[in-house]
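Common to both upcoming complexes is chain A, partnered first by chain B, then by chain C.
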Partner chain A sequence: MANRKKVVFMQLSSCWGCHQSLLDLHEKLLDVIPLLDIQYWVAAVDFKLDHLEKLPNGSIDAAFIEGLCRTEEDVHLLKLCREKAKALVSLGTCSTYGGAPSIANLYPKRELLERKYLKAETAANRNTIPSENVPEIADYVPQNNQIVKFDAYLPGCPPTSGEIANAVLALLSGKPIEHSNKTICDECKRKKEEKNIKVFKRDFEGRPDTEKCLLDQGYLCMGPGTRAGCGAQCPAANNPCQGCSGPPEGVTDQGARLVGAFGGIADMESPKMLKSFPDPAGQLYKFTYASSPLSKLRRVKKNEK
Partner chain B sequence: MHKENTEKSEGFEPYVLGLVCNWCTYAGADMAGTSRIQYPPNLRLVRVMCTSRLDPGYVIKGLELGADGVLISGCHPGDCHYVNGNYKTERRMQLLRKLVEQAGLEPQRVRLEWISASEGSKLADVMKDYVSVLKKIGPNPLASVKGKQNIDTKDLFTKEVK
Partner chain C sequence: MKSKSAPPKSEKTGLPKSENETEIKIDPVTRLEGHGTITIKLDKGKVSSVQFNVNSARFFEKFLEGRLAEDARIIAPRICGICPEPHHLASVKAVEDAWQINPPEPAKKLRELLLLAKQISSHALHIYVLAAPDFLLGPFAPAEVRNVVTVINKLPDAGKKAIELMKHGQELCAVVGGKSVHPVTAIPGGMTKTLTEEQRDEWIKRMDRAMELVDFTAELLLKIVQDYWDVVTKIGVIETYYIGLAKNGEHNFYDGNIRVMSPSGKIEAEVPARKYMDVAGEQILPHSYATHIFYKPAGYPDGIWRGGPLARINVVDKMSTSKGNEALKAFRDKVGRPCHATFAYHWARVIELIDAVGKARKLLEDPDIVSKDYKLETVEPREGVGVGAVEAPRGTLIHNYWTDRQGIITKANLIVATNQNIGAIEKSLNLIAKQVIEDKVYEKVKLPKPMITL
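The block that comes next holds the complex of A and B.
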């Protein structure tokens, strides 16, 4: 088939989840795969990296990037994909906003390495930080679009199989990926009332009612500051939204938006409210810290606390 | 105009962004002016109808763009023109201060005050105090990466950590 599009699925530091979500299409994959001429996909196809390196620049139609740049290797792969591909697509929240691993920007690199290799309770050999035959670890986690320019993005941790299939099909036919400026609350089918929350609860406290809005019940649901698109899967499963898709279109800072949302609907004194936020950056920027302006502090301070 | 010479704390003049409400603090600042009360000229005011209109993102954006301190000031509790806007602001800004502190910025860079329309002298006192506090803690570290959205990858791997 001559009109098959050449694509690359690239994995940087990440968990494979976004690629797994694509593979979870099962038999629907049969609609997608025949349209693709896969040039590189570690998860599914046996091509080596030098195959990709030898291709002429700009010869790939689209490269899908999963994961973030935590090591020198990741930066190399990202830049390589940018050179080879006409369109670079950010697949998943790690690639788009830094994802959960970017919470690491709250700590200096030295502290992270010591915690992982010298102080970890489960480590058998607690005396060395590996330095040979491993790629150098970056001083801080950047957002991928601060390193190369992206042409399209699809956040979600992971994006649902349907979202990925729609995005791939849209791109193959030359259309842009559509993004919603609505939030999870717009998609959520729970019954919502006027919000005057007397007490905030963490996920593990009590058992939530299955019909009423989780926020009305006091559960810290990130719905008000999170992009619609997944179909409010977590609230539908009686679990508060974790905020994995990042902020809705037009909002750049998810954490700040959530501070505004929770501060506005709480009906309690601020010291009481602060007790419900023992780790505000971890709770409010759980998936988007690299995209926050505050994350730039690590860029300036590097090794300071 | 933003001062460019914020490199050293010596001779450092903090840039204070003031986000104030129309009904109390903005009128209070007017009062300070018409009463000829002297106070440090470091404050740049932005008037909003109510402090609860402020997205906490504006405060973070101000800090990102290099403001050394952000002063949010509205009506006293109970006096809000819109009944309860300032209570919401109070909760938001307290949470924001905790967030900013966790991220590694001094929480004093976000300051919340209640200044009524008749308290021009309080505005002057607050500004005198705030400028001296900011002079002590020094320039905002984020000012050095202001406008630098793209990262040079050399900056990612300094290899000095051992």
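The block that comes next holds the complex of A and C.
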């Protein structure tokens, strides 16, 4: 078909889950695939990097970026996609906010490498840190949009296949991707009551009621600080929202939004409340650490040194 | 395959090392999940070295430190989006082992069902999306068409069946795990939910349909194996050790001892997961961020082993369903035990697919699968060390956590499934590079007329 749109599905350091979610369109793939002229997709088609590098700048209609910049190669691939694509789309939470792997920013690079290659209990030769024919590991994980400008964002870990299909189809027809400023709570079907929490529970404690709001039951559900879109899948599975889609539209700091929300419903003194957060970075920024002011502040300090 | 060819440059001078030396880089390796390149060095036309360069690492082993132990089941699955369910479950099992918790039997059965659902979708994906294009279009088809899109266009019946089979697997993952990618329902002490009776009834029917699709897949794949018999038996055949879980000798994805088989077919070791350090070592190579895991007592590189379908089929005495056992018998009658043929991985994968659908159906018929006894009421964190091992689609996966009294992870060691195979992948690439570049084996083996012609 002559009017197929040229697209690139790029994987930076990541898990491939966003691409699995795309495949989870199942039979609807048969409607979407014929619209696409896939020019690069490592996991599914055989074009090599030199093919992409030789394409004229701006010749790709849309490039979808999964993953974060953990290595120099990731940075190269991200910049390459920016050059080649008219529209650059951030696919998933890693590309948009750093994702879970950006929690690594809590540690200096040296400690990351040492733990994995020099100090792992199972490491047989504790004398080698890989450096030959592999790209260098970056000192820290930035947010991708600190490196290049994006035209659209589709966070989610992963975004649902429906969200991905809507975004692909919108882009192909030149329409903007629609975003909602609603939260998971807005789409959660659990019964909510007046909140007056005396004690926060850990996720493994007790057996939550299957109908009532998890937050009302004292579980640290991240729904109030998390963007809607997934259909509140985790609360529907009787598991607190983990915050994997990042903050709602218009909010930059997911952790601060959550602290505000939890503070507003907790009927307890602040020392007691603080005890509920032995790991604030991991609990409140589980998927958005690279985008957090905390991560950026630490980096500024490091640069000043 | 496309490759760029340039003489290697001396690191110091930037000048070519010698006129006789050339380098072939395959960048990146395609139809694989992850980041890999292959670097082949040639000296006067002879292969002098082959490297499999895995180009990224995200350091989960480090940043799991300091996290709440129950958050590891959410964070660790992000290691792999094709196989998050095994990470989710290995993580929860490691925490339960550290805290000395034994979840209710129905929870274990739900977890096993979740793992089987993932094997069904991942194996179908591996067969149809990652592997089949090479065989259906033949190894000389142009790069731009050698993919699943062409398979769907040219063999629409097979394409539709592939999509439907993956759908059954992924949707069962979502029903049991809460999400189709990155599950959330396993938790220290059990599961957050069970199945309803309506879901159970629907999924028994859907597993019957899945078995029809698997029968079709098995027939297609066995034809491919037969057509490419010369390739299967002559290219990339390497002798290695094998690792896989076995429960009382039987194939099991969720539970069992770690079994190691020697290249001669002897069961070299059988240890509980907690003793994994007795058998598993990691060699760190300068040219790969992924480590090479091997059988420690044999040393490196002699102890290089493989995990995944072929390894499991080699190490277990039997499958868990009668249909699975029939398929295993046909395999062993033809290729023996152990089988060292790398291309036989695809056949082994089909045997597991047959067994997984049968086992999933059996579990769905078990009354426990809708039991309300799916989680312990009381779960107490404690200081401890725990190991959780499960089978991921591509090999044995091991999570090892140290927790403090509050239930916070103080240290983590991970043996990731794909890394069980990196040493052996490089070993087979060394052989295949010689076979292809030096011996031009592709002119000597019998190749069938491709099923798809353009």
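Everything below uses one rule, namely that the second predicted complex is superposed on the first by the 293 of 305 C-alpha atoms of A that agree within 3 Å, B and C clash if a C-alpha of one lies under 4 Å from a C-alpha of the other, contacts with A are read in each partner's own complex, and residues count from 1 in each chain.
What we mean here is this: a residue touches a chain if its C-beta (ideal position, glycine included) is under 8 Å from a C-beta of that chain, and two chains touch if they have at least 3 such contacts.
These figures come from a predicted structure and were not determined experimentally.
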Touching partner for A:L106 - first (chain B), second (chain C), both, neither: both
Partner chain in contact with A:P142 - chain B first, chain C second, else both or neither: first
Which of chain B and chain C A:C244 touches, first, second, both or neither: second
Touching partner for A:D279 - first (chain B), second (chain C), both, neither: both
Greater residue coverage of chain A in the superposed arrangement, chain B or chain C: C
Chain B versus chain C as contact partner of A:C69, first or second or both or neither: first
Chain B versus chain C as contact partner of A:C234, first or second or both or neither: second
Touched partner set for A:R299, first chain B, second chain C, both or neither: first
Shared chain A surface residues [contacts with chain B and with chain C]: 106, 113, 279, 281
Interfacial residue positions of chain A with respect to chain B in the complex: 69, 72, 75, 79, 106, 109-110, 113, 136, 138-140, 142, 146-147, 251-253, 255-257, 259-260, 262-264, 266, 268, 270-271, 273-274, 277, 279-281, 284, 292-305
Complex interface listing, chain A residues touching chain C: 11, 13-21, 23-24, 26-27, 29-30, 33, 38, 42-51, 70-71, 73-74, 94, 99-101, 103-104, 106-107, 111-113, 115-117, 120-126, 128-135, 137, 157-158, 161, 202-208, 210, 230, 233-234, 236-239, 242, 244, 278-279, 281-283, 286
Complex contacts: residues of chain C adjacent to chain A: 1-4, 26-28, 30-35, 37, 39, 51, 53-63, 65-68, 70-71, 74-75, 77-82, 84, 125, 129-130, 143-144, 146-149, 152, 159-160, 163-164, 166-167, 170, 177-182, 184-185, 187-189, 192-193, 276-277, 280-289, 291, 293-294, 296, 300, 375, 377-379, 381, 400, 406-408, 413, 415
Touch list for chain B against partner chain A, complex: 52, 55-57, 59-61, 63-64, 88-96, 98-100, 102-105, 141-142, 144-145, 149-151, 153, 155-161
